[in-house]
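First up is the structure itself, then whatever we jot down about it.
Order of writing sets the labels: A, B, C, D, E, F, G and H. Residues in every chain begin at 1.
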Amino acid sequence: MTERATILAGFGGQGLLFAGQVLARAALAEGREVFWIPAYGPEMRGGTAACTIIVGDAPIGSPIPDRLAALVALNPPSLAKYEPLVAPGGLLVVNDSLVEADPTRADVEVVRVPCTSIARQIGDERLTCIVGLGALVARRRFVGWAAVEVAIADLLVSKGPGVVAADLAALDAGRRAATAPAIKSVATV
Amino acid sequence: MTLIRDDRRASRPSTEPAPERLVYRRPDLLSDVSTHYCPGCGHGIVHRLLAEVLGDLGLGPRTIAVAPVGCAVFAYDYLRLDFVEAPHGRAPAVATGVRRVRPDAFVLAYQGDGDLAAIGTAEIVHAAARGEAITVIFVNNGIYGMTGGQMAPTTLLGQRTTSTPGGREARTAGYPLPITEMLALLPGVGYAARGSIADPSSVGKTKAMIRRACEIQVAERAFAIVEVLSTCPIGWGMTPREAARHLVDDVPATYPLGVIVDRFRDPAPAASTPR
Amino acid sequence: MAVAAPASRVPLPARARRHAFHPVEIDTDRCKGCELCVGACPPAVLALDPGIVNRLGHHPVRLTDPARCTSCALCARICPDAVFTVYARPRETAR
Amino acid sequence: MMTAPTLPDERVLMKGNEAIAEAAIQAGCDAYFGYPITPQAELLEWMARRMPELGRAFVQAESELGAITMALGASAAGARVLASSSSPGMSLMAEAMSYMAGSELPVLVVNVMRGGPGLGSIGPAQSDYFQATKGHGHGDYRVPVLAPSSIAEAIALVADGFDLAERYRTPVILLADGILGQAMEPVDPHFRSLPPRHDDWSLSGADGRPPRVVRSLHLRPEDLEVHNDHLGAKYREIAAHEVRWVGERLDDAEIAVVAYGTAARVARTAIARARDAGLAVGLVRPISLWPFPSAVLARLAARLRALVVVELSAGQMVEDVRLAVEGQAPVFFHGRTGGMVPAPDEVLGVIRRAWAITADREVTP
Amino acid sequence: MMTAPTLPDERVLMKGNEAIAEAAIQAGCDAYFGYPITPQAELLEWMARRMPELGRAFVQAESELGAITMALGASAAGARVLASSSSPGMSLMAEAMSYMAGSELPVLVVNVMRGGPGLGSIGPAQSDYFQATKGHGHGDYRVPVLAPSSIAEAIALVADGFDLAERYRTPVILLADGILGQAMEPVDPHFRSLPPRHDDWSLSGADGRPPRVVRSLHLRPEDLEVHNDHLGAKYREIAAHEVRWVGERLDDAEIAVVAYGTAARVARTAIARARDAGLAVGLVRPISLWPFPSAVLARLAARLRALVVVELSAGQMVEDVRLAVEGQAPVFFHGRTGGMVPAPDEVLGVIRRAWAITADREVTP
Amino acid sequence: MTLIRDDRRASRPSTEPAPERLVYRRPDLLSDVSTHYCPGCGHGIVHRLLAEVLGDLGLGPRTIAVAPVGCAVFAYDYLRLDFVEAPHGRAPAVATGVRRVRPDAFVLAYQGDGDLAAIGTAEIVHAAARGEAITVIFVNNGIYGMTGGQMAPTTLLGQRTTSTPGGREARTAGYPLPITEMLALLPGVGYAARGSIADPSSVGKTKAMIRRACEIQVAERAFAIVEVLSTCPIGWGMTPREAARHLVDDVPATYPLGVIVDRFRDPAPAASTPR
Amino acid sequence: MAVAAPASRVPLPARARRHAFHPVEIDTDRCKGCELCVGACPPAVLALDPGIVNRLGHHPVRLTDPARCTSCALCARICPDAVFTVYARPRETAR
Amino acid sequence: MTERATILAGFGGQGLLFAGQVLARAALAEGREVFWIPAYGPEMRGGTAACTIIVGDAPIGSPIPDRLAALVALNPPSLAKYEPLVAPGGLLVVNDSLVEADPTRADVEVVRVPCTSIARQIGDERLTCIVGLGALVARRRFVGWAAVEVAIADLLVSKGPGVVAADLAALDAGRRAATAPAIKSVATV
């Protein structure tokens, strides 16, 4: 199967749904099949939130993946809830700013990125998930990097170049954090 | 400093001695959990006031409450009271059912404005027409909070919601509904008032209204309703403080604050000029 | 940057009041950072603590200057999350 | 019409609607909520007079929505509750029925069926079978459905209905039709009474005990699934223990007519005529429509040459018969709709045709 | 979310609720009536923005009762009408659905199903199958039910639904679930448009012609029966001509999974895994739930070793499958409820079990 | 002799010349059949008035009417108009659906008091709140006629019905519902009035109200309602003449006659004192 | 006692008016005998005819004294069954 | 089968339902099984009305008889509607006051009784059907005469002796009319 499923999960206000849309739109631009779905519901408001994106080369089957290619866990409950779904060899991006605990899985690749801190440094906590997305795409090319950048620019065109620039900066910071050896080593702490 | 004195009373349930110098503490009838409400949501304040008043009056153990469908659907998780869930809008009918078979209970219905003033219009009008001895707390935040901020019958003219993206227009979406004024016309309504939770002083006045609405049920076995103008920062697209300001500055022009009728004090209803 | 703190860590323990008087206890874990109390506090001694993200994901409110607090309880009156316990200054210090 | 309250020793004539109402009263009904609709209005009117006399609750609600949600509230508060309506009004109760099933509230709801769809007619019908037994409200739930075929049986099933409702914490439907509602028959005026309702979950105020909550919301799907599994287990238990049906003249029957309620009475007359004509025909009369007597039909089907289903509908229960029989014997159907009732000779004709068509089927009665 | 109105040439990502709304607009929907409810609120919100832009009718009604009866009025007055809701709101529409079926009014009604019963959860579910296909409102009527399994298919079925509704003068239900409503998928933004609605019975004022009446009342049972016979003939015609289903990998299949909508997608993934494991499994995906593809299942059952039915329910469509199969092959069922969705591996497990249990059945694929 | 002059007008549809010396004849819009109404039933009078007014105004060919569930369900058999049947109580919603897709039509809803003021409360309140451009003829006979004379929300206190065998008691069955006064509070309501058919003179005044309510829809595109106090001799257990007398003597004390609001003549609503 | 009469028999045929003036035509077959017109008629010239049972099973109303009828049409105004056609006395006789 | 089905039909206001109840109650008093049902519905109000009574010795089967033992037709539409249902040899009581037409059936026994005129003479048109019932029971003893008289007295006990007397007079007048040879000959006109 060529389907690759990703879950982005954390607090509301971390920009999860938007980051998911960026990923979906990038896949669309590449002519791939894609499926995007938020965890919807009132309990999500101000509480936890999540978003699933499945990218594939044929129409997507099951909308609820049981074998995740990647998980971006931006707060502690998300890690606890979704870690078991990650397929062996899958990627786990953990928000080092808010998640103290270490993942329990040994058969997945873990990347710790201080997504919240980075987002704040760029100036907006709502960029947290874009940072995570940068880390994800840096490590798993489910979609091309350029397609992601174009998707951000397209989706934010009405918000003006400043916003686009901030999002691209967050994306890139995530990429750098996920590829810098210092950060990578966190996974083994 | 009436407010503080009020608070001190609230914090002294008759059963245990007041801790020395305590000015305010979380009322006992509030459960020890966080609510799912958004930051700054008015429901939290109204819940707290209810817990305070029912505590003050010692009504908690006699209360059978009815939860609405709306953001306050989980009220039973937050208030330590017996609760039954009503289908959307039917809380006054459910409360009627309870009332008729539990003559000694204190019967409370909690409803949002979509719940009470839209789908539940018939039920609230007829519970009021019957003079059903229930107390209704009607939280009017001018919007359907739970389903994502659509227009409610109470939405202000011009207000943007997810179902009036260009602002509510009377021509197509109608006028704000002064339902409490309509109810106040009915002889079965012992008490009808409109308060707000916009600032601490309004909160205090609203608490007094809720108290009166509870007393009327107990003492007069009549129908009593308090409409509480409330906020939905998420649905309004505002910060909680902006929302509170809007509630002070803009909402009362459409929904004037005050007691609309108190038939056991003043049998002739206050002349209300509807807009 | 501090990670979300367990409930017991941040709120001022009741016992502490006996030693240094604190007029306001804040159940930090339940605070949603709405700032309604901040706006309502006459001496403006409440503020969000940007250094903390609590279990709900919010920056909770903090009493910035206990000494200037008048124990007026307006914060408690407006807080939607019933986060506050307010004490009046003990007689010997207040009067 | 007749006044039963004085409880004479002899049989009295009672109108179906009134007998059902009085049966509920004798069974200890604490509260009644309804809304006028033909052909069940006399039930409400009987309650309007009797319940206040007895100091019990009666409310003519603003609508069927109001009535059924008042019933919901009263049941949650511990009362034994009756509500009643007829077809269009029942449709309005769909949402609340689903809520009551989800909240596990015992309420007995009487549907005195009339012709549909829509405003239809006020004639007798059985075209709400699907609604009662299957898809009325949303979600996975079932409701026990009891279908009397005489006024005396209606009286008995009222008490049974309350009993079922309370034992299993579920709404129960008593499914009658305009004929049963409007007709008078002699009944024994000593109806069954039940001990007062008792439970440990209903609401009375959280005085000296933790608060209780009656609700159908389980926002986390995980929780709702657990709740649905619990409901499912209950439904399986009901299906195992609460099937009710009556067989007549089945011993040597080669054809069984399957019919309930009023249709079963027509069938009985037709069967008598068939027997007079030498045809070995019997009757299976389901009384519980859910749970449906599938097992008995499956067993019978194996040795019958045919089943003939008669309904005052375009064919609803016949699906459950087919589902039970699973092709073991041919199933013939005869239905009249819109308030029409088949004449016995008409049913006899269908029996004769089934007899003729299946002449070469081997059967071992 | 995305704005489709500009009709770009390439595929666009659209949220299911919004795609359904836009598809209705492109198909020439004249009027929309709705009431907010999760998980279909975005459908209403899309209409709130787009319909006024186009000078078409949009009303957020006071309730689902209001919405569906506004739809009734608009359809009677000749308009192409969409209404939408989710499970609890659908229950409130039962009476009016029965009226519209009786009055033969074309209206497309979307149910974005959520977990029940009662307030339940807002998670995706398929537990309104019985309601949609059988007993929703009172009386003998049927409603064509179309169940899409992807957003692109939902778009296509919207136009088909209007078309069916108008050709047969009947309400039609589009049965989706929370996942289809909330998800985004790529779709071709060129949706099908239909010629304006046309008929010779709808109301415009009796100007130069005799007055017309749209109604469901036929007070004389004789008349109502004639009307029911007319409806019955129409339903038989629909059953004969409008069955829709898709088969996948059935040629050599020894087991067929039967599933619709979201469950069919899970099944597809499970079937792929089963095939990887060497099991000959195919998929029957009903698209029209009424009329149900009974004939094809009956035909298939004769040569299969088993059928596995997967639903997001406690078992509803499975009754129609059993009814179709009539015991020719064993029917296994797997359902999740309350908003839960089975994982593909879970379904794979059921397939494996069915495979094992039926190992000694002779089949001729 | 205003009445007669009115009649002469009524009997002269603009399309054909008046027969010499004709004072009154059956209006053309009435079908040539007998009604199923009981002897002396007020519905027959209201139907006739409608036929007269629509004839006078030439609105017949533009009218789409909505029939209620109640004794007037067969209105379509008696009035030569396009008609759609509404489920019980939903006529205002059905009329809204018609209104929104037929901008040029004259939209008429005919409802009884059970239909409008009980099960249909939400629909009438919200059609009024939206200011839906429809004309509602609300026939209040204080009872559920069709189903056998049960109490309606409008039933007078003390009145015996088949569901209030001891007379309506406020304590258990509530108070009569002044719904037209409630509706008159709403800014979307252009016209609200209450007439009667108790005697020829009331009939004449009611006709003028119906006429105004039709004109308001056409000229102002606003919501207009005329409540017509009517009789149900069968349900009331009276002869038709006794019923007419009761309607004159007893009913208006609870339901005062007159124009309650005419916003296009007098924007401030007449002060109405509800009982 | 007369049996129910077919429609054409009892009502005064329109033609007849030309000969002897009759101010009021009554569609007898539709009359339900409610007597509202009887009560409304100022000169009291309307009454039920107990000798006739019409197709609806009622004793229909009858103009007892055409000469005293004033053509005021109050009967028509109140009749729920729109049974009346009223003519004014022709000028030559009226004035 | 021992079931005997009777339909009483005519205008509302002729006392049909009451007469039916009398018959049902008489059967009950005799310890028989009985089934009584009105034709219910709004079209009945002021229009035509009907009432079916089935008397038997075992629980009654079909509530809608297709083989009538007797019909009392008090107005023309009733005769037209129900005449075909009368079983061969059955009894047909026709209200001679309002029904001009003759029955078309030759295989039933026809009795013409001027029920309305008789009722009026006794003083109340609502007695019309009791007259018809008298004729019916005179010719067909589905129940005993005394049981009918007792049923009338019981049902009307609260209305006072005057009312009971009037009803009994009507009953008897019907009996006499149905047994007087002059009237019987009408059937053969």
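Please note the rule applied: a contact is a pair of C-beta atoms (placed from the backbone, for glycine too) under 8 Å apart; a residue touches a chain by one contact, two chains touch by 3 or more.
As the structure is a computational prediction, the values presented were derived from the model and not from experiment.
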>> Please report the smallest number of touch steps linking chain A to chain G.
In response: 3
>> Based on mean C-alpha positions, I'd like to know which chain lies farthest from chain D.
In response: C
>> Using the stated contact rule, I'd like to know whether B-E or D-H comes out ahead in C-beta pair count.
In response: D-H
> Using mean CA coordinates as chain centres, what's the chain C-chain D distance in Å?
Replying inline: 61
> If you average the CA atoms of chain B and of chain C, how many Å lie between those two points?
Replying inline: 27
> Counting in whole Å, what is the centre-to-centre distance of chain A and chain E, each centre being its mean C-alpha position?
Replying inline: 34
> Residues of chain H touching 2+ other chains?
Replying inline: 41-43, 46-47
> Which residues does chain G have that touch at least 2 chains other than itself?
Replying inline: 32, 56
> Residues of chain D touching 2+ other chains?
Replying inline: 38, 59, 62-63, 65, 88, 95, 99, 103, 118-119, 122-123, 215-217, 219-220
> So in the complex, which bits of chain G are touching chain H?
Replying inline: 1, 3-4, 32, 53, 56-57
>> Under the stated contact criterion, what part of chain H meets chain G in this complex?
In response: 11-14, 46-47, 75-76, 97-100, 114, 116-117, 120
> Mind pulling up the chain E residues that touch chain B in the complex?
Replying inline: 35-38, 41-42, 44-45, 48-49, 52, 58-60, 62-65, 88, 118-119
> What residues of chain E sit close enough to touch chain D in their complex?
Replying inline: 87-88, 90-92, 94-95, 98-103, 113, 115-123, 125, 127-141, 215-229, 231-232, 313-316, 319, 322-323, 326-328, 336-340
> Which bits of chain E are touching chain F when the two form their complex?
Replying inline: 30-31, 33, 57, 59, 61-63, 65-67, 69-79, 81, 95-96, 99, 103, 203-208, 211-217
